[in-house]
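Please read through the structure below; I'll follow up with questions.
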Amino acid sequence: MKMLTAIIKPFKLDEVREAVMSIGIAGVTVSEVKGFGRQKGHTELYRGAEYQVDFLPKVKLEIAVKAEDVERLVEAITTAANTGKVGDGKIFIQPLEQVVRIRTGELDSEAL
Amino acid sequence: MKMLTAIIKPFKLDEVREAVMSIGIAGVTVSEVKGFGRQKGHTELYRGAEYQVDFLPKVKLEIAVKAEDVERLVEAITTAANTGKVGDGKIFIQPLEQVVRIRTGELDSEAL
Amino acid sequence: MKMLTAIIKPFKLDEVREAVMSIGIAGVTVSEVKGFGRQKGHTELYRGAEYQVDFLPKVKLEIAVKAEDVERLVEAITTAANTGKVGDGKIFIQPLEQVVRIRTGELDSEAL
Amino acid sequence: METTVTELRFALDTFYFLISGVLVMWMAAGFAMLEAGLVRSKNTAEILTKNVVLYAIACTMFLLVGYNIMYVDNSAGGWLPSLGGLIGTQAEGADHSLESDFFFQVVFVATAMSIVSGAVAERMKLWAFLIFTVFLTGFIYPMEGYWTWGGGFLSEAGFSDFAGSGIVHMAGAAAALAAVILLGARRGKYGKDGSVHPIPGSNMPLATLGTFILWMGWFGFNGGSQLLISDAENASAVGLIFLNTNAAAATGAIAALIVSRLKWGKADLTMILNGALAGLVAITADPLSPSPLVACVIGAIAGVIVVYSIVTFDKLKIDDPVGALSVHGVCGLFGLLVVPVSNDGASLMSQLYGAAVIFGFVFLASLLVWYVIKVTMGIRVTAEEEDAGMDIHDCGIEAYPEFKS
Amino acid sequence: METTVTELRFALDTFYFLISGVLVMWMAAGFAMLEAGLVRSKNTAEILTKNVVLYAIACTMFLLVGYNIMYVDNSAGGWLPSLGGLIGTQAEGADHSLESDFFFQVVFVATAMSIVSGAVAERMKLWAFLIFTVFLTGFIYPMEGYWTWGGGFLSEAGFSDFAGSGIVHMAGAAAALAAVILLGARRGKYGKDGSVHPIPGSNMPLATLGTFILWMGWFGFNGGSQLLISDAENASAVGLIFLNTNAAAATGAIAALIVSRLKWGKADLTMILNGALAGLVAITADPLSPSPLVACVIGAIAGVIVVYSIVTFDKLKIDDPVGALSVHGVCGLFGLLVVPVSNDGASLMSQLYGAAVIFGFVFLASLLVWYVIKVTMGIRVTAEEEDAGMDIHDCGIEAYPEFKS
Amino acid sequence: METTVTELRFALDTFYFLISGVLVMWMAAGFAMLEAGLVRSKNTAEILTKNVVLYAIACTMFLLVGYNIMYVDNSAGGWLPSLGGLIGTQAEGADHSLESDFFFQVVFVATAMSIVSGAVAERMKLWAFLIFTVFLTGFIYPMEGYWTWGGGFLSEAGFSDFAGSGIVHMAGAAAALAAVILLGARRGKYGKDGSVHPIPGSNMPLATLGTFILWMGWFGFNGGSQLLISDAENASAVGLIFLNTNAAAATGAIAALIVSRLKWGKADLTMILNGALAGLVAITADPLSPSPLVACVIGAIAGVIVVYSIVTFDKLKIDDPVGALSVHGVCGLFGLLVVPVSNDGASLMSQLYGAAVIFGFVFLASLLVWYVIKVTMGIRVTAEEEDAGMDIHDCGIEAYPEFKS
């Protein structure tokens, strides 16, 4: 199993969620994050003093999947989240050794 | 070492924290997330238009532990977080290669 | 590649970000978390009833890097985030198998 | 000329009533903000809904029947008011316009009902609450109000309640207590071992704003209750009432601050807010007789009482999220009982008698209505709805609906 | 003595005007809070800026030219006002001070303009909006205001609009509609398949506070529009106006609650708030002629209308984040048309005529101004700015700027 | 008849005082919201606590000693007020009730003190602040107030300060400046290299609401300072004061908007809010003599001044989170100095003299009190407490305590 973490632009969340669901993934955990990267931040102004805001709002999706689903999932996310502009985000794939469903104690692929 | 990530229902946080502490785990990092899964969302209403809210509030716990503690910890969490209803959440277990305590530079099991 | 996760004190964020940038890392994802550990919480008071607040505000940084950069990065973070007081936080290092840049589909080190 | 001057007095007294009424109407917003600040955000939209709608219902019911019950064609000294609808007709030679009188009175009803919404917050069904509102504002309050302000038997018995420490505030608290007893505490408020788990309110600026609004509105509440301002004596009386009202609120806040500092080492903001309100409630029974110094003392005592009262209710496991029982009930009673100290026209016996009658009647009548609602449609949301928050269930919207991770 | 009494009347009427004016001024805060609560937080600082500055511009423009256009040296029954600046000089034997009259009138202009800011929220350029403000408050509103309140041809035609359901509220909505048509809907509001995607406002307590503020301020708006209070007849009239204004708001809220409960099974808070405002707008055309019961009915009908109107505008893909078109436009029109029911001095024909003239003129004049602004500097922010939020682009600050993950 | 009319005037003037006082009292809420909006959320509960309690202390201290010091039994033209307690007795033939006079005056004291809390926000110990409040409101303010309004030597010297640009606002700023100097800047505000790190306030809607409340309250502040309204001349004067007050605020906001647009290309919301307040402070020294156009100019100049002043204080590393020194100090001074332009009764020399005396006295007396508090109990929280936020340390509660990841 693998744990996919995708960082995307916030207004793309709905589209990405639909794309993920459409390939049969049943669960996602989402959080709001701030991202710093190649995409430029902007200048803010407060009481006559300007300052640089580098951290941009992003949304993080964490999705646990069977190894064989990884490719399709990456495909789905990259398509849905793409705007072609810098800052579209990234997908990180990490090993996942075990999954437990709390309610039933089911393990691994049964737990997904 | 392993990194455990548990997604639980928000109102179970206190119980889970106590369960985790009671087996001698000294540290936890917690964040608020939204979860999407088998548990059904609900309909909201705004100015006469209804819409579906699929993302439910969840709490995410990240806990770094020695490999030998994983089993007991999974046990403790599943017991404490269980309500028997869909949406109780999941535990993900991933490999953890190194831990550094920032204050002292201590490594791995000393750093936990 | 590796995924570094650092938990630090919130007011150290700017310094740590600068330290990370200064060694040539181009991207970071940041979120607000609450931490529970050796650092003591505090007592709050509400309408005559006191209660213990154990979870302290922390900031979590997630940084994907090439394996060879890990050491320098750990060094940079520990130096910048250090106050010498308990609660300075931890760094966790986990394997990272793949990275995809959503905009271009570039992979791994090209995607970082 | 004579007529012009008489009419001018009529005009000034009417204007004074209307402006006082606007200030009291504004208290509806004060309660709404105070309560919205002291509940958790998952119940905030619902408490806002309750506060807006209760004001609307109170205004409508008091127009349709309540005012008539309380003030029109009643026999002096009686128990039972006459029954009828609407507001009657302008009397010859009245001091101010009938409509302005209605307006000033109607906003008091809303105040009484606002007290209830706070105490039952975070667990009572929206519609059960609204149905009760119809009864309290249309019947229960007008009935007991008639007994004193409408010329009924309590006024004959020498019971003295200038602006409503008992008739409005303690009455509201009595209705609230009946509800809280049938309703039980919020889930998680009290541990099985008897421990108290504080459930902090979600928004202190709102709670503070609400308190300031109430403080402001109280000048209309007490100041307008002199009923006349157009000659020197009445004008001076209104001036003193303003001064005393403000002074009691100020010392109430200071007293609550000092007690919380001594007891817990901290300045407990919501206790301070409750302290100011406690001072206001206590002085309301008679803001005219005490000297300013005495008003300060009354306010300060109320500020101390309210802190201990809140803690005591918690020990008794009577769960009152905003402290309404303590502020309006306990301090309302205190206000009534302290009247004879500065007002020779009142006696402790008649004050006790009046307080017992009002409390007893409103409590029992409310208990009955709540009980009937409970067994028919239920008064409490399910545990699951309570955990998820009332907003989603009753209103279908969250107070702060933006995606928050 | 005679003089003293005459002066005393002058003083009371002036004071009454000033206090009424303060209450209407306060409505500017009400609109600001209501709109800040009903937009997303990324556009909140910008809508606050618009609301503060529009009030400032309205006050300045009406002082420099608007008041003169509307009220000074105009011919009776005409179309074209005289042109000139400043507020003229105090007339002999006037009922109240000229300055108090200006103050009471100027806050109405701001109200008209506040209506616009809500409807165009979350996508209109700040500076385009401010430039339009100069024209509406300095010229368009004063011109149409002159036709009725300044003694122009509509007042001669028997058109009756006591406190401005049409002249202020529907006029504001007409200017807003012109803008919304040129501006289009917010990104993401309507799906390609015709579906409506609700965009919930970010802060319900603010929206509720704003509504309470407006409700409070409306007592000045309608109550002050009697213009005199210093004799028995006028004082009684003002009392009735207060009563009716409050009653219509109350039943408007209740009606909206009931409709939303029946239609969707929930108490839709923002619909209830709009319902109260709908009742207020509708009664504004004549808060004096109806009996309180009739006022209740007018308010209730407006509360029903507003719910269906909001849903209908959404079906027509006319995007109005705060419901201003429905509340002020549709219910303003309803208010005008219902006047003849209780007021014998008005006829349906003259009301229709007046409504058509006001709506037509303000809509077309506004469309022209908006259009010129659109082709010169543009009225809509770029899609990118809209996604990122207006606050960062126009104000350079966020409404809640703390680091939120 | 004669008596009736005289009493009626007394009644109207008293009522006018009381309503004006209510509006000024409401400014306490305005300061609380403005300051709560402009600090970080970790210090919000504490600033709310300070604002509620300072109002309470001000009311109590001014009742116990302050009013007596300022107004009772003083010699004309003197330096030293008589000492005594409470508010004296109603004079024969007075224009309004003594209590209404006290009420109107006491709310001014609170205003002066509210100015201080903003400037020292986010770092001053709660209890140090409260102790200072006792001294300022009980002694320092009454003393300097006596010199002009109580009939002391400044009034004889021809110093003219109609509603308190100097006596209230600049005095508050002087006390604040003394504190800020002893206190130092907030941690992290100024870099070692001299750079300024803005620390954005946490809640713009609250800051905007606070400004609207202050704007509203100012009509009581300036309007009530005419002291009489019951004849034509005074009523007209009050009308003009309302108009001018509103106009100066409006142009202050517009000017600040334009300057911030030209300098930084953005509409800086908090600068606009400060601009409106700057206009209000500046016109306060004389809202009656200028024509409306001149009032516009005075407001606009103040709006420009305040922007440059805020930037300059930052360059001088004098850290003032809410801009109180600029708004109330610099623009208060400007207001005093611009009086002779429209008021022939004032001279630049006497204005400079009065300003110097007030500023010098309040600054030095405050410095002394602050210094004694500093060396005894300390005035600044520890660095650790400052990092963690004052709320946890002083109040033991957070302003928005819900679990936020």
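Every chain is named by a letter (A, B, C, D, E and F) in the order it is written, and numbering of its residues begins at 1.
Rule of thumb we're sticking to: a contact is a pair of C-beta atoms (placed from the backbone, for glycine too) under 8 Å apart; a residue touches a chain by one contact, two chains touch by 3 or more.
The shown structure was predicted, so the numbers you read here are calculated from the model rather than taken from an experiment.
Asker: B-E versus C-F: which has more C-beta pairs touching?
Answerer: B-E
Asker: Specify, for the interface formed by the sequence copies chain A and chain B, whether it is same or different in terms of residue numbers shared by both sides, with half as the dividing line.
Answerer: Result for this pair: different.
Asker: Roughly how far is chain A from chain D, going centre to centre by Cα mean, in whole Å?
Answerer: 51
Asker: Between chain A and chain E, what distance separates the C-alpha centroids? Give it in angstrom.
Answerer: 45
Asker: Using the touch definition from the top, which residues of chain A touch two or more other chains?
Answerer: Those would be 30-34, 44-46, 50, 55, 94-95.
Asker: Which residues does chain E have that touch at least 2 chains other than itself?
Answerer: 1, 5, 8, 12, 19, 200-201, 203, 209, 264, 266, 268, 270, 395-398, 401, 403-405
Asker: Contact residues on chain A for chain F in the complex?
Answerer: Touching chain F from chain A are residues 31, 44-51.
Asker: Which of the residues in chain C come into contact with chain F in the complex?
Answerer: On the chain C side, the touching residues are 11, 31-34, 42-46, 50, 55.
Asker: Can you list the chain F residues touching chain C in their complex?
Answerer: Going by the criterion above, the answer is residues 188, 387-388, 392, 395-398, 401, 403-405.
Asker: Looking at the complex, which residues from chain F come into contact with chain A?
Answerer: For this pair, the touching residues of chain F are 196-201, 260, 263-264, 266, 268, 270-271, 274, 307, 310-311, 314, 323, 405.
Asker: For chain D, which residues count as touching chain E in their complex?
Answerer: Going by the criterion above, the answer is residues 1, 4-5, 7-8, 10-12, 14-15, 17-19, 21-22, 25-26, 28-29, 32-33, 36-37, 44-45, 48-49, 51-53, 55-57, 59-60, 63, 86-87, 90, 96-103, 106, 126, 203, 206, 209, 394-402, 404-405.
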